[in-house]
Every structure is written in structure tokens, then in C-alpha cells.
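These notes are about the structure you will find just below.
Per-chain residue numbering starts at 1, and chain names A, B and C are given in the order in which the chains are listed.
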Amino acid sequence: MRFTFPLMAIGLEVVMIVLFALFVQYDTGSNSSKANSTESPAIDVETSMDLYPHFQDVHVMVFAGFGFLMTFLRKYGFSSVGFNLLIAALGLQWGTFIQGIFHSHGQKFQIEIKSMINADFSTVAVLISFGAVLGKTSPIQMLIMTIIEITIFAANEYLVFEVFSASDIGESMTIHAFGAYFGLAVAGILYRSKLKEGHPNEESVYHSDLFAMIGSLFLWIFWPSFNSAISDNEKTQYRAIVNTYFSLAASVVTAYACSSLLESRGKLNMVHIQNASLAGGVAVGTCADMEISPYYAMIIGSIAGVVSVLGFKFLTPLFATKLRIHDTCGVHNLHGLPGVIGGLASIIIMALEKSDPVKMASQAAALGSSIATALAGGLITGAILKIPIWAQPSDEDCYDDSVYWEVPRRTEYDNRFHDLLDFTPLEREA
Amino acid sequence: MRFTFPLMAIGLEVVMIVLFALFVQYDTGSNSSKANSTESPAIDVETSMDLYPHFQDVHVMVFAGFGFLMTFLRKYGFSSVGFNLLIAALGLQWGTFIQGIFHSHGQKFQIEIKSMINADFSTVAVLISFGAVLGKTSPIQMLIMTIIEITIFAANEYLVFEVFSASDIGESMTIHAFGAYFGLAVAGILYRSKLKEGHPNEESVYHSDLFAMIGSLFLWIFWPSFNSAISDNEKTQYRAIVNTYFSLAASVVTAYACSSLLESRGKLNMVHIQNASLAGGVAVGTCADMEISPYYAMIIGSIAGVVSVLGFKFLTPLFATKLRIHDTCGVHNLHGLPGVIGGLASIIIMALEKSDPVKMASQAAALGSSIATALAGGLITGAILKIPIWAQPSDEDCYDDSVYWEVPRRTEYDNRFHDLLDFTPLEREA
Amino acid sequence: MRFTFPLMAIGLEVVMIVLFALFVQYDTGSNSSKANSTESPAIDVETSMDLYPHFQDVHVMVFAGFGFLMTFLRKYGFSSVGFNLLIAALGLQWGTFIQGIFHSHGQKFQIEIKSMINADFSTVAVLISFGAVLGKTSPIQMLIMTIIEITIFAANEYLVFEVFSASDIGESMTIHAFGAYFGLAVAGILYRSKLKEGHPNEESVYHSDLFAMIGSLFLWIFWPSFNSAISDNEKTQYRAIVNTYFSLAASVVTAYACSSLLESRGKLNMVHIQNASLAGGVAVGTCADMEISPYYAMIIGSIAGVVSVLGFKFLTPLFATKLRIHDTCGVHNLHGLPGVIGGLASIIIMALEKSDPVKMASQAAALGSSIATALAGGLITGAILKIPIWAQPSDEDCYDDSVYWEVPRRTEYDNRFHDLLDFTPLEREA
């Protein structure tokens, strides 16, 4: 770890700079000294800038939303928010390049605000997968996963939007389902059988759950922007915003209801509230810009909230015990299942509206492709990460910042009350 | 609580979906297959979308601002931010419907970005009332209060804006004063005489006060958007933004001064800083879009900061002891008094500008109506909530998350140092 | 302190109100009853309002970003975020006035959204200097520093932009380098030799570092808006946004690499991550709107990330021991050095593009002026603050909220475990 990590990070940054030098340009205007008005600039700056508020909202979701959502782990907050920042910062550069190259078919390409939104989107897939393996990998492994996953993500994205011409405005299939199943595949390969019974550090404490709510709320608040950012006209953009707004509201109410119902004394579970409240945003993501009335969105959101909580309650433990897939953040319940719901909802709605069967087939192909490439890509990536040269933490060292970070110093007294100070809720050896 | 809460929540969500199915539509375009250009679309999407940045700012205030502002209670953070989310998610759906029905006079209606802003606004009234009863109610009671209060809120809003034609751009009277007095009325009905001397859990700890500052700052930052969101032209919108900006700056400075002055050693009180710093935003809310110079706004803000701190210091204890109204968050000092100041300021300014007396009368009617409907509505709601079937917490269980939430597990050692781990500042039995 | 602080604060607010009454107006329209269309309004509201999203982003950075970034100190969180709010609230009023007076040459002036952005900018300089002296001054001293520093800041800003006609879109020289060197000068004058070995309270704890990450992330997220806010056309605004986006991404990656490389076991240091990740935003600030390809921005950002970490590791301790300048937040490493890099980068780029040597001289003059006025102003301010009548905290009381704030009450038990509850990482006397 000592040298591998810094050298790999610096190496990757150098590669990014070189690739940008070779392939990225702003606009024809900046390269030609004569402003030739007959040659239309490649970028209409004014239209591009219209998306800036959307970009800022997505940016908050990526860096503050996802970053803090994962700080629920009591001793892994630094890594959660810190590696989120690192993954996304590297990812957005690589995503810009890869997506640009795909669209320009290997030629130089330009960057618009829309490119930046799409680059941020590509990092979201990695951050979702990071959530599945949270606490069990090294930052070196995460750098590698970032590069590989974004490449496969971009390939699938191209397939879904350019080849299948599918519709997935909120990228529920291409980002959420993809990221979740990719992450689950990696988690499966990297499964640690000795941690079958759990790990003392894999818990939250009171204040880490409040930090996580910061992340959860910012994701919830800005999801309408996420689901409408890549609209190509204001009308569908507006529809996507309104549908997402109401789908999210519905998933909150049903998530609370379901969480309470499933506990013997009716108590709410913070993990459900932090995650399942958001399920409506994912589930409506594919059809948000379609001509559906808001109550369709509310139905989708209501279902998503319930499914998500049921997933946390029953599916995630099952995955861990029976399928040997340990999903730390339960990404399958927020991004996986709701992402699939999103894809299926779009097909159902098209059927209800008696759409062209070809369009329905595109949707199905998109969903299938996203899951298939995710699983395949995740298995390959998992195999690469399993090579024992990436400083993966030992079983004891999982979910523990002090492996990678200088954590504030302790005294002997603190060592005695170490758990106390760490706000441990666990059994202490006396 | 075990079944009442989930069933009520799900029931309400089903009702919302049905109401939306019956009454809500996007725009004529989506219902007619022929795009008829002579028939002007009911929604001008482009103009509607101009308000999107404003909507996002208000959205942050509702969910992150108010949610975290109330996390100052040391053992009630989950409930504060969690029930804020639930109340607002249900409330925005109901508010959309109720406000829509009022404006369409019972017909189908459409949703624009402005509708979403107004729906978020309606939830703010409930969140303010929630602050008055914070820690002393069950989530079932809060679901009921949400439905009733938003209905009465919308009725008063209609009265104030459509019947009286009053001016209240920042809804200082219709949201802030209304929400505060409604909440105080409920709190009065639900008064717990056994808690006359206070409650051990009704305190903050160091980090809960910092969490609350997150909320406070986001409210402060985005208040100019709140006070200008329902402007109907850019000129008044801009005026409201600038006036709010400076009123808030002034209330910060005088709140700090007053807080320091009122403490024997000159020390600042976090409760004052978290709340009174915001008073300028409320107090200038009614006249923010009027033709006043910024220094008027600064005077209003300065006064509001002082009044708010005086309220926290002297009025709130008086309310609790003499009036038997226990106002947990001191909403009367941030929303009540400054809301009234807002209404009065608008009348004074109209008088200074020798406005039509009819307009001044409208303002007075608006203020009177807002307070009257709030008190009446609050008393009725309080009476309903007092019926002992809503799982209201016992006196001992007030201000305690563990009644409604699974709070991170403790050990025997932790139980012994239970207060310590909860970061208690209180007397411990040895 | 008991009376000086409140009286000074109120006095300053009264002065602000009077100055605004005398000099500030909205627009000619509000002062003339006849709307004269031939007389063009002094403010084009529509164009002004285009900057509103930018303004909101900068506003978040000032109040939430800087405010929380400084909460890393374990016992000084209230003061960090609280005094940040006070300084900025007073500062934006004074900044609005001073900047307005400079531009109007002593006449009445109007306020636009751009004025508000510039006023917020002026407070950033003070907040940076506050970071240098964090924990070692009284709020009275900070009120004084706010007034003096903003005045000198505005004078230098005028010099740089109006007299030298230099280019500094992100104000890396006029805000960041200026604020850093001003603060270092003040810190040098106020140096406390008895604290040469450090101070028990000058440390972070686990959760204070997470609070600081909230601030760090919001600064990182919105920096593209900061660096593009004062653009005068959409094309350069867009370029500044894109360049800043990539420069920040690069500085994250190299900051992580460098932080890991410099620690014997390869561990990351939260102080580096919280601060050096942002260095790219500062360093690209001068040339962000120039016609440079994104890879230039990435090179600048990469260098800035490394330089910043090296500064934290080697320079800051050196400043404290050899130069007797104790820089609490290490502002020299985030704002000082990267600010200088920003200025130098602009000159290098101009040279590479064979620009007019006069323009290069302007840049050099701007950089020199910013540093010179900062040092001079800081020395003078430091001398004034050194007068022992401003209730400066004693050496023992540094980095301690309880001097200025009512901190949640403690019990005898708590006093025994006082350190424990404060989450102290330090040696405890038994």
C-alpha cells in the first residue's frame, strides 16, 4: 500500500492529462484565431449553460449526497466520504474521456455542461458499487474498479441509448441497476467467509446515522434534477422533475409505513429511512419523462418504498448467507431492485399506452444489457481485485478507517475506553 | 402505535394517489393527441422552469434546513430529521391537492413548478408547528396534524391572497405567523403539567448543536429564494432577494449582540444564534418586494434579531410557566413574533408611502386572519390529538428517539455509562 | 468583553444602516414615480438575475463551506461556524458599501446580484485570514479585522481590476493570496511564544473531522461557480466552469497520492484531504477563463494538490517554529501558495500564448499588489489587534468555545470524564 497507492494515483492522473491533451478541446472558436461566424461553433454555450443549475444539483448528489450517505459506519466515516471523493474525482475525468471517445468515435471531442453531467453520472455507477463492497476493499482496489467499471458503464450506456435507442431519462437501468449488480458481482467474488457472522465494526452509532441523513437528504432533495438532467427539451425535463418529486414523496411515506410494520414493536429503522425513502427516485427514473400522470409516479414510488424495505429486511440477509454476497450498504435494495422496477415500469407503461412493440423491446434489451454487462463486468473486476497485490484489508481490519487514515490520536485512558470513545454499541471485553 | 401508524400512513398515501388520479393533470398537451397550437397550453413550461432554481432552494430549506435545525435535542435527532421528512413528504402531496382544488374551484388542475413551491410552502407551516411540539408527540399525531393544518393553511392562504388581495411575498403572515400560533395552540392543549420543571432529555449536547447549525445555515443561505419564489415578475423578485439578503445580515449582527448582552458573562447562546439569526428573513418577508430601500430591510432585520433573542430569553419561559404553553423550539421567537413584525412592517411602510388605506386594511385583515385561523385550527387540532388513541409518548418518554426508532444497541457497560455515551450534560445518579 | 462586543456589534450595524440610507438605492425606477422608459434603468434586472444561481452557490460556500471547514477543532466548533457567520454577515454589508463607493467614486450606487456576489467575495478574504488566527482571537478582534481588511481588500481589488486591468476571474490573487498573507501577517504580530509547543485543544476528534468534511465538500462542489461568477459573458463563464471542474478533480487525486506518500505507513491525513483537495480551485482561479485547454487546468490542479500537501507537511511547521507565524488552518497551503500559483500560471500561459507583455506586467503587478497590500494591511491590523483592550483570550483559553459560548452544561461526573466527553485524544491527568 505504501507506494502502490500513491504511484497508481499519480500515474492515473498523468494518463488523464495526456488523454485530455490529445483528445479534448473546448470549442472550435478557441483553436482558430479568426472567429468564423459561418462555421457554427460546436457548442451553443447559452443552451449548454441552461443546464448549469442541473449540473450543480447532480454534483451535490455525487460528492455530498453519496459521500455522506455511506458515513453510517461507525469507524469508517473518513473512508466513506474520503474515498467517495477520490473515486468520483478520478472517475469524472475518466468518464469524460471514455464517454467523449464513444460519442466521437475516436476523434477529438468537446466538453459541454452536458458532458460534465454525464461524467458525474458515470461516477455514480462506481459509487453504488463501492457501497456494496464498502469497508472491505483498499483504495487501490477502488481506483482499479473506477477505471474498469466506468469503461464498461460507458459501453453499455452507448449500447442502450445509441444502439437500442431505449428511453431511460434517469438512467435507472444504466446507472442504478448497472451499478448495483456490478457491485454485487464484485462483492460475491470478494466474499469473506470468516465474516459470515458479521463484524464488530459493521455498525452505526447515533451520530454516524445523523451524518448519513445529511447525505440521504441531499440525494432526496436533488433527485428531480438527476432524473431530468439529460432531457433534450424543457417539456420532458419539466415532466421528469414533477414525476420524480411525487414519486419520492410517495416512497418516503410507504418506506416509513413498511419499516414500522416489519418491526415487532413498530419501531422505525434508520437504514430503511436513509435508503428506502430514496427508492422512488430510482424507480421512476426510466419513465419520468414519459407522458404519465403524476399518480402513476406516486404508485411507482409507493411500490418502490415497500420493495426497498422488504429488501433490506429479508433479501440482504439472504444474499449474505445463501448467495455469499455481502452487500454492505444494501445497494440492491436502493439501486438494484428499484432500478429493475424502473425498467419494468417503462415497459408496462408503454404497453398500457399501446406503444410500438419495438420500443418495448428496446426497453427490455436495455434492462437486460445493463444487468448482463454489470454482472459480467463485476465478475471480471472482482477476479482482478482478488489478486492479492492490492493491499486488501484483512478480515479484522474491515470497516476500520485506521488502516488507511491517521485517525485522531488516543491516550492510554482512551485505549481503555476505546469503545466508549468510538461510541461503540458493542460488547466490550472488560 | 404498532399498526395504527403504518396503516394510517399507507392509507393516506392511497388517498393521495386516488385524489391525484381524479384531479391532477400535467397539461392539456398530454391529454390530447393533436397538438393544437391555437389552444394555448395551460402551462408555459419555459416560464415555469425559470422558477426551478428557486424551487430547489426552497426544497433544501424544507428538508435539510428545517430537518437539521431541530436536531439540537440530544436524544431526538432521528425523530427531528426523520419526522420532518415524513411530514413534508406527505404534506407536499396533500398541499399540492388542497391548494390546487382551491384555485381550480373543485375542477381538475395542473401542476407547475410554482405549484411545487407552494406545496413545499404549505409543509413549512406544519414543520413550524412541529417545532413547537417537538419531542412531545407521536408520528401518528403528526400525520393527523399535517392533514388538518395544511387544509386550514390553504384556506387562509386563499383568503389572504385571493379575497383580501393582501401582499405577503415571503408569507411571513400566512406561513410563519400561522405556523407558530397554530403550533402554540396545539402545544397549549397538549400541555404536560408534570413536565413543568423541564425534562432531562430536553437539552442539547455539543455535537447536536453543530448538527443544528447545518440546518440553520441552509435556511439562512436560501431565504432570499424563499422570500422571492412566488413573485410574478423579475423586478419584484430581485427586490425581494436583495432586501432579504440584507435583512438577514442585520439580524445576525444584532442577534449576536443581544445574546451576548443578556448573559452575565457576555457569552453567546447557541439557541439564539441558531434561530434569531434567521429572524430577519421572516420579518422582512411581507414587505421584501415592496419599493423600499435596503436600509429599511436592515432596520427590520436588526429589530427582528433583537426581538427574537428577547423572546427566547424572557417570553418562552413565561409562556411555559404562566400560559402553560411549552414551545420546544421557541418557534414563537423565530416565526411568531417576526411574522407579526413582518405584517406590521408592511402596514407601516404603506402608511409612510401614503398608500391606499384599503391596502393597509388588507394587510391587517391578512395578519388577523392568519393568527385567528391558526389559533382556531390549532385548538381544534390539539383537541383531536388529545384523544388518547394516537400513541402519544408518556411524560418520561418525551424527547427520546428510542420510543419510535431502533437506536444503536448498547452493552451493559454502555448502560452504566449510558448518559456518558449519549453525551449527557446532566446530573447522573452514581 | 461583556459590553464591548455587543456595543461594538450594534454600533457597527447602526453605521451600516446609516451608510446604506445615504448611499444605496435599488434603481432609478423606485425613486421616480413616473416610469420613464426613455431613461434606461440603471439595472437590467433580467441579466442581473441570470447570475442568481451563481450567487446562491457562492453564498453556500461562504456560510456553510468555510463555516464548517473550520469546525475540525475539537472544542472550537461553535466559534468556527458561529464567528464565520458573524464575520460574513457584517462583512457583506460593509463590503457592499465599500465596493459600491469605490465604483461610484463616492456617489450613490445601486445593488445588483453581481454586487452581492462581490460582497460575499470580500468576506471570503476575511474568512481566510480568520482561518490563520482561528482559536486565538476574540470576536471583538474579528469585528475590527472585518472592517479593516475588507476596506484594504476593496482598495486592492479596485487597483487590480480597474487600474492594472489585470485578469483574475476566480480572484486567486485578490481574495485567496490576499486573505492568506493578510492573515499570516496578523498571526505573526499576535504570535504567542508560550504556545510554541502546541496546545492541548488544537486538535480534531473523529466527528469534528467529519463536520469539517461537510464544509470541504461544499466548497469543492461549488468552486466552479465561484471561479466563474464575475464573468461578463457566458462564453468565458462556461470556460471557467469547465476548467475549475477539472482542476479540482486533479488536485484531489494528487493530494491523496502525496498525503499517502509522505506518511511512513502510507496513511492519509484528513487535514490534507479537507484542504489540499481544494487547491486546484484556487490555483486555476486566475486563468480559468482564458483560452486554455482543460489539460492545462488539470496540470495546474495536479501541481496545486502536491504543493498544498507539501505545505501542510513541511512549511506550516516551519512557519510556526522559525518565522513565529502560527497558521491554525494552514491557509497558506490552501489559499496562499495556490493563490500565488494562480497568478504565476496566468503569466506563464500568457507567455506561452505570446501575449502582449503589458498584460503580463499587469498580472505581475496584480500579484505583487495583492501580496503587498495584504502584508501591510495585516501588519497594521495585527498591531491594532495587539492593543490589550479587545478581550483577546489568554494562552490557556485558546481553541476553547467555553470562553465565548454557553457550552452544554456538565455534571461532576462529566467533569471527571471531561476529556472523555469532549472526545479528547489527549493525555489526561489521572
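Keep this in mind: a residue touches a chain if its C-beta (ideal position, glycine included) is under 8 Å from a C-beta of that chain, and two chains touch if they have at least 3 such contacts.
Computed from a prediction, not measured in an experiment: that's the story for all the values here.
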item: Between chain A and its twin chain B, rotation from the CA superposition, multiple of 5 degrees; value: 120
item: Same or different contact residues where chain C meets its copy chain B, judged by the half mark; value: different
item: Chain centre separation in whole Å, for chain C relative to chain B (CA means); value: 32
item: Junction residues of chain C - those touching two or more other chains; value: 53, 207, 214, 420
item: Complex contacts: residues of chain B adjacent to chain C; value: 53, 57, 203-207, 209-210, 213-214, 217-218, 220-222, 225, 234-235, 237-239, 241-242, 245-246, 248-250, 252-254, 256-258, 260-261, 263, 265-270, 273, 277, 291, 293-295, 298-299, 302, 420, 423-428, 430
item: Contact set on chain B toward chain A in their complex; value: 1-3, 5-7, 9-10, 12-13, 16-18, 20-21, 24-26, 29-30, 43, 45-46, 48-49, 52-53, 56, 59-60, 63-64, 67-68, 71, 77-78, 81-82, 85-86, 89-90, 92-93, 96, 111, 113, 116, 139, 207, 211, 214, 404-411, 413-414, 417, 420-422
